[in-house]
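Next up, some structures in structure tokens.
Two complexes are shown next, each including chain A; its partner changes from chain B in the first to chain C in the second.
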Partner chain A sequence: MTDRNLLVGPFNRVEGDLEVRLDVRDGAVAAAYTNSPLFRGFEMMMLGKDPRDALTITPRICGICSISQSAAAAFALADAAWAEMPDQGMLIAAILHAVENLADHLTHFNLFFMPDFARPVYADRTWHDQAVARFTAQQGSAARDAVTARAELLHIVGLLGGKWPHTLAIQPAGVTKAPTLSDKVRIQTALRSCRRYLETTLFGAPTEQFAALSARDSLMDWTAGDAGLFLRIAADTGLDDIGMGPGRFMSFGAYPLPGKRAFAAGMWDGGLHDVDTAQITEDISHAWMLGETAHPADGRTAPDEDMRDDAYSWCKAPRLNGQTIETGAFARQIIDGNPLARDLADRPSAMARVVGRLIEIARTQMLLEDLAAQIDPKDRFMGHWDMPKSGQGQGLVEAARGALGHWTKFDNGKITGYQIIAPTTWNFGPRDAAGNPGPLEAALVGAPVGDGEETPIAVQHIVRSFDPCMVCTVH
Partner chain B sequence: MSQIETFYEVMRKQGITRRSFMKYCSLTASALGLGPSFVPQIAHAMETKPRTPVIWVNGLECTCCSESFIRGAHPLAKDVVLSMISLDYSETLMAAAGHHAEAALEETIEKYKGNYILAVEGNPPLNEDGMFCIVGGKPFVEQLKHAAKHAKAVISWGACASYGCVQAAKPNPTQATPVHKVITDKPIIKVPGCPPIAEVMTGVITYMLTFDRLPELDRQGRPAMFYGQRIHDKCYRRPHFDAGQFVETWDDENARKGYCLYKMGCKGPTTYNACSTVRWNEGVSFPIQSGHGCIGCSEDGFWDQGSFYDRVTDLTQFGIEKNADQIGTAAAGVVGAGVAAHAAISALKAAQRKTQDKKEEA
Partner chain C sequence: MKVLWLQASGCGGCTMSLLCAENPNVFDLLGSAGIEFVWHPALSVETGHEVRALLDDIEQGRTQIDILCVEGAIARGPRNTGKYQMLSGTGRSLLDWVTSLAPRAKHVVAVGSCAAYGGVTTAGGNPSDAVGLQFDGSHQGGIFDADFRAHGGLPVINISGCPMHPDWVTETFLMLADNSLTAADLDGMGRPRLFADHLVHHGCSKNEFYEYKASARELSQIGCMMEHLGCVGTQAVGDCNIRPWNGSGSCTRGGYPCINCTAPEFEEPRHSFTETPKIAGIPVGLPTDMPKAWFMALASLSKAATPNRIATNAESDRIDVPPTLRVPKS
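Showing the complex of A and B:
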């Protein structure tokens, strides 16, 4: 075995551009450096604009999670303007957002993650023929099933939000659309058809049955549907032994509803804690950024155009209480107390992340059905709010990929500060001043690299298990 | 050069039935505004002509264009496009990774030299020698120029490639630059919108295949068949505009009644696109139908025209000295006011363009 350095990238089937530099020693990754080579400067162009324009501009950071960005912008403004949504407004905003997240999870599993198992490197495995038939990129039958199911699911966003991607309906004091009774019926119909897809194809069994799994053993016994194929592959390829995260998880809590969030907020490190957002900082010691480590409410974005040598990414390094944390569906389900996620929490592996998403797919389907049944077309969907001249606020939501925060500050009707920390910024950020690697950088250490492997397959699995969204990362 | 299979063959391989194929042809004919008599012509072209190879590259962008395609579209339109791009080069969807992907690009360029269409999603940032968007260790602008060199034509998907879009908003930190400022020696079709409507995207490609030429373009280089009318011209809320019935605040009774959103900043009167006719997510709806104004995302510079929630302009052409506000408050039905307003807005738009052109020349 020789020692060598590898530069892996560009990655496709991730959203946006990503490069990972690997130091390889004795057939395994010894150190990893993540670079997000795409920078657009959204936080800079927000300055001087009408604070309400964040509702329109920030969703355009990303065409995959645009409702998440739109919701975070709306909640940040609502926080600054003391605006409140009526109950039914919260309900519709929650439905819009949950549909997008559910659709994202389906995309990730079928189009981004599973196609790697159709690669020739696995040709000798017993499940390979099945994986090829189902998941070959762009041709496998699973992609067709998933894309069709997803397009139909997104009718709901069409009905409630006018269009997807880049939906505009969520405002600080509610949603612009007052659904009619016939909209309600169409939404419920679309959800029924999504359930049919889940039960015939993804889980191959009733959604409730998958959602009720509570321990690793019963999970690994699951054989039905594409989920069963995945678990068989995961067991055979040792996906549960690679890509360990830091074991610290954070969720801002998904889908604000009257008096609660549908999936709870919190921080998990073996025990459950509250998240103190005052303890969030963005470290820029290894980013091509100028300035100081700061809380996002005080942070600024000034790219270092010299691209100094000791830095290696456009991405800042966010820390909570000075530590790295992992965020995403798996984190959300652990923190919300799902028994299966809690059982897997001590092995935060590549497999666990994918399972976290499967659990959430089942639970979100059930949640959406419940929310849709509560739509009351006669009620109010938008409250009144006035835009103050000056103010500041934070908007915290859960995108499909994890915790997303917007911090806005404005004076005299113009934005004076806007900072965004996206889920993949947390997961794929670079080292901090103390030299501690970001979660992905740490998760890659130890990943096996075969002789002559230029794009190590284990690295591909680990990177994609996080479902990175690189355009959100740096924005 | 190896024989390229026809579109129809590719679709059959993907398991699309004859019946679905014919349905696609008639859907496309109607989307293109061509009568039913064109359906056989479209079908014939797709059955006999070699599939158009497409190389799809991504620069500074958010992938909303790809997403519009694969998620929002009518399943048939989506199938066609997936078949079209699947065999060649698409960064978001393809199987290969890393250097293999780069090799696939080279191979595709070589194989279809002078024959392929280069579809560009996003745009190149030119600041700092293009270092803000790096693909495979090289600035995206180099990949773009390289891939364009042997292309038959270039399609600029979306507002990013066509005009710059939000990432070009002041101060345009990365100097994000639309494709036509970088590629100057190829025919370029702009299909703006953030994102463009999926059916518009497939319509453009199918037209090119069927008739072997570029669709008729307007002065801005957009296919006239989809960008020939204002959102406002075919908006279902138009009668409320003409009647002077406007939403005044998001939570008022008029909002519930579905009145005109002009006063809430709707840019429908100055925006050329097919949203109010083709609609979104398989024809389900469009932004105005969800109660939010149009933000004009298919127009050049939509991101830097003042707040999205400001009115288009403070017109005084209504009646004698009244503007839209006063008319709205009076809730009077003013017949014919809409026509005058349009004339005024069009003039204004023309003036705006002139200033922009001047700026570009300067």
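Showing the complex of A and C:
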């Protein structure tokens, strides 16, 4: 076997721009370098603006995590202004956000991840005909089922938030639309449609039955629906043997509700800990950025126009307690204590990440039904708040792809600092000053590369198992 | 009809919006009309070397394309290198690729306000020195000159919006496939008149409040948002309140102002997005085609005539006072 260097790109069916450089030795990846090749500079754009303008501008960082960005901006401003949402405002914000995350998971599974199994490279496998029929890009029956179901699910955002993506409905002190009783029953109707899709198509069985799976063995025995087809493919192709994450997981906790978050916050490394956000830093040793390693409340964004040779990405390298962490649906479900996710936690593979999303689809459907039933159209959905002249705050939420934080500060009514760390910044960041690779870079090491492969299929599975959002990554 | 779709400096939200097309779903809608994506960064199977080969074929003229669609603005920085966005795996900037591929397409379509005019990617100080395809904000001339015409004869077709409505793209595609879209079907900003001939105000559910200038003072109140909350639906082009979004929505129906996202430079309104600028207490900015003196006269008259029901509801988050029951006289 010869040593080779591969440059993988354009890397599609990820949101945004991604380039991966691979050192290949003895038929496997020996080292990987992740480049986020798009820089727009949202953090610089915010400087000097009215702090409220973050609510309009930052959602437009990303067309697939738009409500997540919007919620993070609203909570950061609420933190700075001591604003509070009434209970029912929190409930509607949670519904809007959970709908986006659920829709994103459906998009990822059907349009981004599964089409690779319809490739000719798998033509000799017993499941291939089925994969071709269901998952051929743009043509497969699953793609059509999924976009139809997803569009109908997003009617809930139409009702509560006007449109998707890029709604301005979530504000620091509540939401802009008080739903009527008509809205409530229509939301519940849309959720029943989604349940029908999940139970006839994705799970092929009652949602509760999939959500109740509690161990690896019973999971691998699941044969119904597209989930069953995926598990059969995963077992046959060894998806549980590739793409190992760092084994350290973080979640900021999803969907703030009165007194709690619907999915808990925490850090998991075999045991559960609190997240101390004071211990977050962004290292820029390998990013085309000027400045020093800093906490996001003190960070700045100054692109290195010379694109110096010892850096290779516009992405900074975030660390928690100096270490890499993995974030996403799998992390969220482990930290929330889902028994199946906990059972898979010691093997953070490409398969486990996809299973994490499937668990979360089932649990989010059930959560949404519960939240929708609690809508009380007679109650208040927005409180009054006043913008202070100066302040600073952090907004921590969970996007579909994991932990998202906004750190804002403003003085005399103008933004003086705005920093964002997105989920894929965590997962796909570059090396730090100590040379420690980012989570994806480490997860790719050991991935098999066939002699003739230019765009190794195992690398594609591993990359897409993270559901990267590259437009959020650098922003 | 073969479509090559590239994502430049943007958020990908226009593709996400396109996937919300309904009745039928986007794949059936386009597929049944013979419209196919030669490559689309979110939807196609081809990755890496497969895409590089495909782009090479198009660039060299071995593969024909009918439409080059660009989503996102074109980054020119740093220092006119375009290196703020490199097309991964190719060692070339999007600026370079789009410049090279556009002459190969019969039509060039800018999807979303970033590709059309620069959009949100150019907000603040425009850190990446981005620009639209044929416009730099409201000025003609982006990476292509004002006199650029694709070989089908049309300038860049600007399906603006942040995001654009899915139907604006699908209907434009269907018209192009049918050879029925002409230069006369585009407005002065290159926007298809199928949506640009309307104002967001048309069909706005707050129209009765507007008639009396019965205004919401805070977000979530259901009155007209023009006077205090920055709404420019009377000036913005778009059929947003005629053709619903995501089933039944629109920005104003969602309880927040229209920010004119189909227009060049909407990203820099020079005031907070949700606050109407005023001079001596009078809002700046008139409804399109409305003479100022008449507007002032009618506004003060109608304000004075506002029925209690409308005045009360305008500052509430719900209908507190329903319309008076009209009992037929026997």
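Rule of thumb we're sticking to: the second predicted complex is superposed on the first by the 475 of 475 C-alpha atoms of A that agree within 3 Å, B and C clash if a C-alpha of one lies under 4 Å from a C-alpha of the other, contacts with A are read in each partner's own complex, and residues count from 1 in each chain.
Rule of thumb we're sticking to: a contact is a pair of C-beta atoms (placed from the backbone, for glycine too) under 8 Å apart; a residue touches a chain by one contact, two chains touch by 3 or more.
Since the model is a prediction, treat every value here as computed from it, not as a measurement.
The superposition on chain A brings chain B into a clash with chain C.
Using the contact criterion defined above for the overlaid structures, shared-chain residue A:414 touches neither chain B nor chain C, since it reaches no partner. After overlaying the two complexes on the shared chain, residue contacts for A:18 are found with chain C alone; chain B is out of touch. Look at A:300: by the touch rule set out above, it reaches neither chain B nor chain C.
By the document's definition of touching, neither partner reaches A:347: not chain B, not chain C. Once the two complexes are overlaid on the shared chain, A:164 sits against chain B and chain C alike. After overlaying the two complexes on the shared chain, residue contacts for A:128 are found with neither chain B nor chain C. With both structures placed on the common chain, the touch criterion links A:111 to chain B and to chain C.
By the document's definition of touching, neither partner reaches A:184: not chain B, not chain C. On chain A, the patch touched by chain B and the patch touched by chain C overlap at residues 7-13, 15-17, 19, 37-41, 44-45, 48-50, 52-53, 55-57, 60-64, 66, 107, 111, 115, 118-119, 136-139, 144, 147-148, 150-151, 154-155, 157-169, 171, 174-178, 303, 305, 307, 314, 380, 382, 384, 454-455, 460, 471. Residues 7-13, 15-17, 19, 37-42, 44-45, 48-50, 52-53, 55-57, 60-64, 66, 103, 107, 111, 115, 118-119, 136-139, 144, 147-148, 150-151, 154-155, 157-169, 171, 173-178, 303, 305, 307, 314, 380, 382-384, 454-455, 460, 471 of chain A are the ones touching chain B in the complex. Looking at the complex, you find that chain C touches chain A at residues 7, 9-17, 19-22, 25-28, 31, 37, 39-52, 75, 77-79, 83-90, 120-121, 123-125, 127-128, 130, 162-163, 218-220, 244-257, 259, 261, 267, 272-274, 317-318. By the touch criterion stated above, chain B contacts chain A in their complex at residues 14-15, 60-68, 70-75, 78, 82, 86, 90-101, 125, 127-128, 131-137, 165-167, 169-174, 176, 194-195, 249-251, 255-256, 275, 280-282, 284-292, 295, 297, 303, 306-310. Chain contact summary for the complex, chain A toward chain C: residues 7-13, 15-19, 35, 37-41, 44-50, 52-53, 55-57, 60-64, 66, 107, 111-112, 115-116, 118-119, 136-139, 143-144, 147-148, 150-152, 154-155, 157-169, 171, 174-178, 180, 303, 305, 307, 314, 377, 380-382, 384, 454-455, 460, 471.
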